[in-house]
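Multiple structures follow.
What follows is subunit A paired twice: with subunit B in the first complex and subunit C in the second.
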Partner chain A sequence: MPVTGIRAAGDTPVREARRGALLTLVRPVARTVPWRALVAGGALGLLAAAVPRLSGGEVTPWAGVNALRAAALCCALGAAFLLDDPARQTTAAVPVRRVLRHALRCALVLPPAAAWWTAAVLLVPEEARPPAGDVTVEAATALALALAGAAFAVRRLGADRPGQGVAASLLVTGVLAPLLTPADWALFTVPGDPRWADGHGHWRLLLCAALLAAAVCCTEPARRRTLRTLRSPSRT
Partner chain B sequence: MTTATTTAPAPAPVTSPPGASWAAVSALARFETRKLLTRVPVLVAFTVYVAWTVWRTRVSFDGFPALQDADRATQDGPLLVGLAVLLSVNQAVLRSRRHDTERHLAVLVLPRWGRTVAHLLSVGAAALVTAVCVGGQFAWEALKPGAVGHGSPAELLVGPLSVLLLGGFGVLLALLVTAPFAAPLLIVLLLFLATFLTGFAPDGWTRWLMPSVGEYSVVTLPSDLIGRPAAWHALYLGGFALTLMAAAVLLSGGARLRTARAAAAGAVALTLVGAVGQSRGVPETVTEARVQASVTPEKLHTCVERDATTYCAFPEWEPRTGAWAAAVDDVRALAGGDARNRPLVVRQRVEARYGLEADATLAPLTRPGEVTVGTAWGGNRVPEFAVAVAGVLVTGSEATAGELCDGRTVTVMWLALAGRPDPVADLRRVRIDDSDTGSAIVVSRTEPLQMTSAQTELLRELLELPRDRAAAKVKAGWAELTAPKVTTDRVAQVLGLEKPEGENECR
Partner chain C sequence: MSPTVSASGLSLRYGATRALDDVSLRLSPGVTGLLGPNGAGKTTLLRVLATAVPADRGAFTVLGHDPGTARGRQEVRRRLGYLPQTPGFHPDFTAFEFVDYVAILKELTDRAARHREVRRVLDEVGLGDVRGKRIRKLSGGMRQRVALAAALAGDPAFLVLDEPTVGLDPEQRMRFRELIATAGEGRTVLLSTHQTEDVAMLCHRVVVLAGGTVRFDGTPAELTARAAGRVWSSEGRDPGALAGWRTGLGTFRNVGDPPPGADLLEPTLEDGYLLTLDGAAAEVTA
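Let's turn to the complex of A and B:
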């Protein structure tokens, strides 16, 4: 196919067609994003972040950081439902790869999530506010874990609506992690603790691992892996 | 050939009573119970709860539990199970909606409220399993050889009732809000509010509205002085759980049933009675008994005599006399002069006037030859008691031992520690900063003792000697070592040890 001079290098018709398909996908995908779960998670998260300010009196750094952690967990629980799509099996044949469809969903949600998190951080009184960057890493890790869990359930189990199971697992993890993680990982420290910096090094590692897992799980497997016993003799 | 034709008897006309058949409800309840108990969150919660409980109970209360404290220690773990049951039962109720089988189930013999009852029964089964775990934990504590006191059944009921309450709430929530994200989000909010509000510690009746109510101090009181409205609280929890369950049945179409309405009304009444009962604070009789036990404990004591020592204790602590006697005999065996068989009274005392809200120290006993022993035992309490006994043997009375500021401190500490299996470790345990060099305060049930750097140095030197040699030296110089105002340098000279170099000023 001849390449005209106006078109930039690498901007092949295939790519253009894909971009067109993506643009047409925006509206239907936006319609299937479970906004109710996300809004409910966000609203409860904001409520949790506002509790220290609403309670009046002096707010300790302990209360501030734990309010933000509760808010982040609420948001992550809402986000666990992000990949829920009752029509997954029927729309699997669209000419856009799964990784792009998932990325489109995340892209639709990320800007409001960022604005929401800024609001949540600002709701905590300034004297009790933990370092914003560090606590954002914690929140991002929770969010990435939720998305990685959902993507994993979609990839390995072919679930239409993985949200409920993923939210339950995330909640169990969230409740047990402060009780069971070794103390020297220092994941759940309070600002001012000498181990805060170390702990946040660990949080960054965790975030990278969760993001990597999410990225790997978002790709469509080349061949669906099934248990051998479930296969019919004709290998269908 | 004849053919016998048999006609199948026509099925008898089924006259099923209106409403649920209980066989169907119980069959469904068995199915839901199996499903609920094998859900991943419930399994994880039970595993963590049991592992944590076993891990803690191995070493809890230093092996000498008072059962009136051990019953309260069973209350927090079941909350974890309760949260998992809340989440799982909520998802189970929403299952038919999620899979769009509601329409299929609607044609079955079981009305909708019958299915709700089956879910509630599965929550009851989870509560029963929790009750078995709680019973196991308490029985383990009660079977420890050092156990004393009496547990309260009402305190033991709090754990299973919390599971029932949270599970009932999960069922009700599924009927009110059909969104699958409601339960997890609500759990986060509940947990957050619970941790946040306990930070504020609202006093008075509001704190009794929570399922499990902790105490601020670790003081152990005789069981009749505890003064917690445990029975009222169990009634409140049970009533509240039944209210939520009855509300769930009413909401799922049981409103026509007279039994359900009566049960709801009864449950609300129970909750209110429990809530009012638990909010009345400590009864006056308990307050009076607390004052009596704190001010004139000897009126309540029963005394046992062993060798030259009399042990006077609250009746519940009588089985512990043997453990105290072993500690006293260890100290006496090392002492010289008449201290080996001088009569001694070990008197158990407790500051109960502030209840379980504060830990107060006791004033030292002024009568000669009397030693205070607390209500806790095991761990640090053993060397602490040995120091008190040695102090009275050396100085004559507890009040003078508390003001000790001379070379006798070395003798007191050596008497107390040398008979112990690892004296230097025990030295660290009785010193407030866990140090084994330098000056420090020695903890005590009454007045704390002070050790200067020089005395610590000399004591360490003496403890390094073989015990028999050290004991011979102490016995030989007993009169001089226990003389009032003896200096630390003089003590070193009598014992034939190097003069310590550290500073020697009491503060």
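Let's turn to the complex of A and C:
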């Protein structure tokens, strides 16, 4: 006899069934994560972090911090693909909420990302290594911006694979931001600069804003606000 | 009996394009066909009713729940099966693994019961023998059936199918018709299609959508009856006809307003559909 929705779990309350679904989802969701893009971004990032050590000679704090910034950008470029899901249309109307599915993907990627970042920081010679906490905030902000961009593309454009577009935008932003952000924001200072602490206050604000944007974009709207860039499903 | 779906005044815009304009309809158990030209708003209406996208305006209930609220939407989704126009897959999954994945997303958490259900729906769509095959190795028709199996998982009370027979060969289409007819027994199925034959053979009711609005809502027989006395045969193409084509017999079959004394023919559902669309076009022009 066919089972029916939530009743498959017998008399299990909805919340328990939902928790059960989440636990059961871990394995299949891990298989849907675009590991190739993440590994490519990570490998490129490690290479960027290793440049000062590989180049030989004296490593300056400027080289150290910028190597880690480049590594963080590479990682964020890979993370832009994290929400790519070719089966998005097929699973568009399932009861497990999108925010939980996205959170599960992020949770699966977070431990290896943390280990990877530790390795990247350790690759920079100690004498040129910036304060780990501050530079980690910068990296986390880049990651959160990538996720927020991908989640926005999924929510507003219904994109199945937002990765490419988001990664391209992020790369342009990463290159232009040091040139275009106002100097008094002090986002791209070097350790030892008197504005370093202020700059990282701004990084923390940016991180909070990016995380908030990502969290909001991961939810599904029950009511819609029109946006001129929305595309018709039949592209007409 | 209360309807499965009751919608009134549904509207949705994509930029300047009005995809749905004040659409009202009620759906009851059985197969309802949704006909309309490209860009008529069929896919948008299906996506709205399947809770994949919210409407800008209007209200509707599905199985007594309001999808306008987060809780209502969850309740609807627990009893809904949705086959999108272009279903996507994780190509490295086997057919079984993919349907199992969708079944988990439908909160079928009991492993043994879920696996039984996955096997059941795969058998139902005729993929029992290839359930261990990776999706990347399946043909287009088989993939479509995997998507239908995923939609059927959990025995949904409301099934939304968006052009399920597109790109299938005649044999596969016939097989799909059987599946949809079976699926329509005891549940509400909304079937969007360009194939008037599918509607004539499967549906107890048909809705014609054009320009985002409902142009016809009735039985296939009523839609066919719209063309009564407006289909005729002639030796050459009648210039006054809305549409005319040479048949295999060498004569022309014309649809439109016949000249006096024309040799009238038995209308089909497609004739009624064409005339309904022509009426819609005339309204737009006016």
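Operating definition for what follows: the second predicted complex is superposed on the first by the 210 of 236 C-alpha atoms of A that agree within 3 Å, B and C clash if a C-alpha of one lies under 4 Å from a C-alpha of the other, contacts with A are read in each partner's own complex, and residues count from 1 in each chain.
Basically, contacts are C-beta pairs under 8 Å (C-beta built on N, C-alpha and C of every residue); 3 or more make two chains touch, one makes a residue touch a chain.
Worth saying up front: this structure is predicted, and the values here are computed from it rather than measured.
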Inset, instruction - Using the touch definition from the top, say if A:131 reaches subunit B (first), subunit C (second), both or neither. - result: neither
Inset, instruction - Report for A:201: first if it touches subunit B alone, second if subunit C alone, otherwise both or neither. - result: neither
Inset, instruction - Look at A:25 in the shared chain and tell me whether it touches subunit B only, subunit C only, both, or neither; answer first, second, both or neither. - result: second
Inset, instruction - Identify which of subunit B and subunit C touches the larger number of residues of subunit A. - result: C
Inset, instruction - Could you say whether A:92 touches subunit B, subunit C, both of them, or neither, answering first, second, both or neither? - result: second
Inset, instruction - Please work out whether A:192 is in contact with subunit B alone, subunit C alone, both, or neither, and reply first, second, both or neither. - result: neither
Inset, instruction - In the overlay, answer first, second, both or neither for which of subunit B and subunit C A:112 touches. - result: neither
Legend entry - Partner chain(s) touched by A:164 [first = subunit B, second = subunit C, both, neither]: first
Inset, instruction - Mind listing the subunit A positions that touch subunit C in their complex? - result: 2-6, 8-10, 12, 17-18, 20-21, 24-25, 28, 31-32, 85-97, 101, 158, 160, 220-224, 226, 228-234, 236
Legend entry - Partner subunit A, residues of subunit B touching it in the complex: 40-41, 44-45, 48, 52, 80, 83-84, 87-88, 91, 98, 179-182, 184-189, 191-193, 195-196, 199-200
Inset, instruction - Spell out the residues on subunit C that touch subunit A in their complex, using ranges where they run on. - result: 12-17, 19, 38-39, 43-44, 47, 50-56, 67-70, 73-74, 77-80, 82-93, 97-98, 100-102, 104-111, 113-114, 116-117, 120, 147, 150, 154-156, 160
Legend entry - Touching residues on subunit A, where the partner in the complex is subunit B: 36-37, 40-41, 44, 47-48, 51-52, 55, 60, 62-63, 66-67, 70, 73-74, 77-78, 81, 161, 163-164, 167-172, 174-176, 179-180
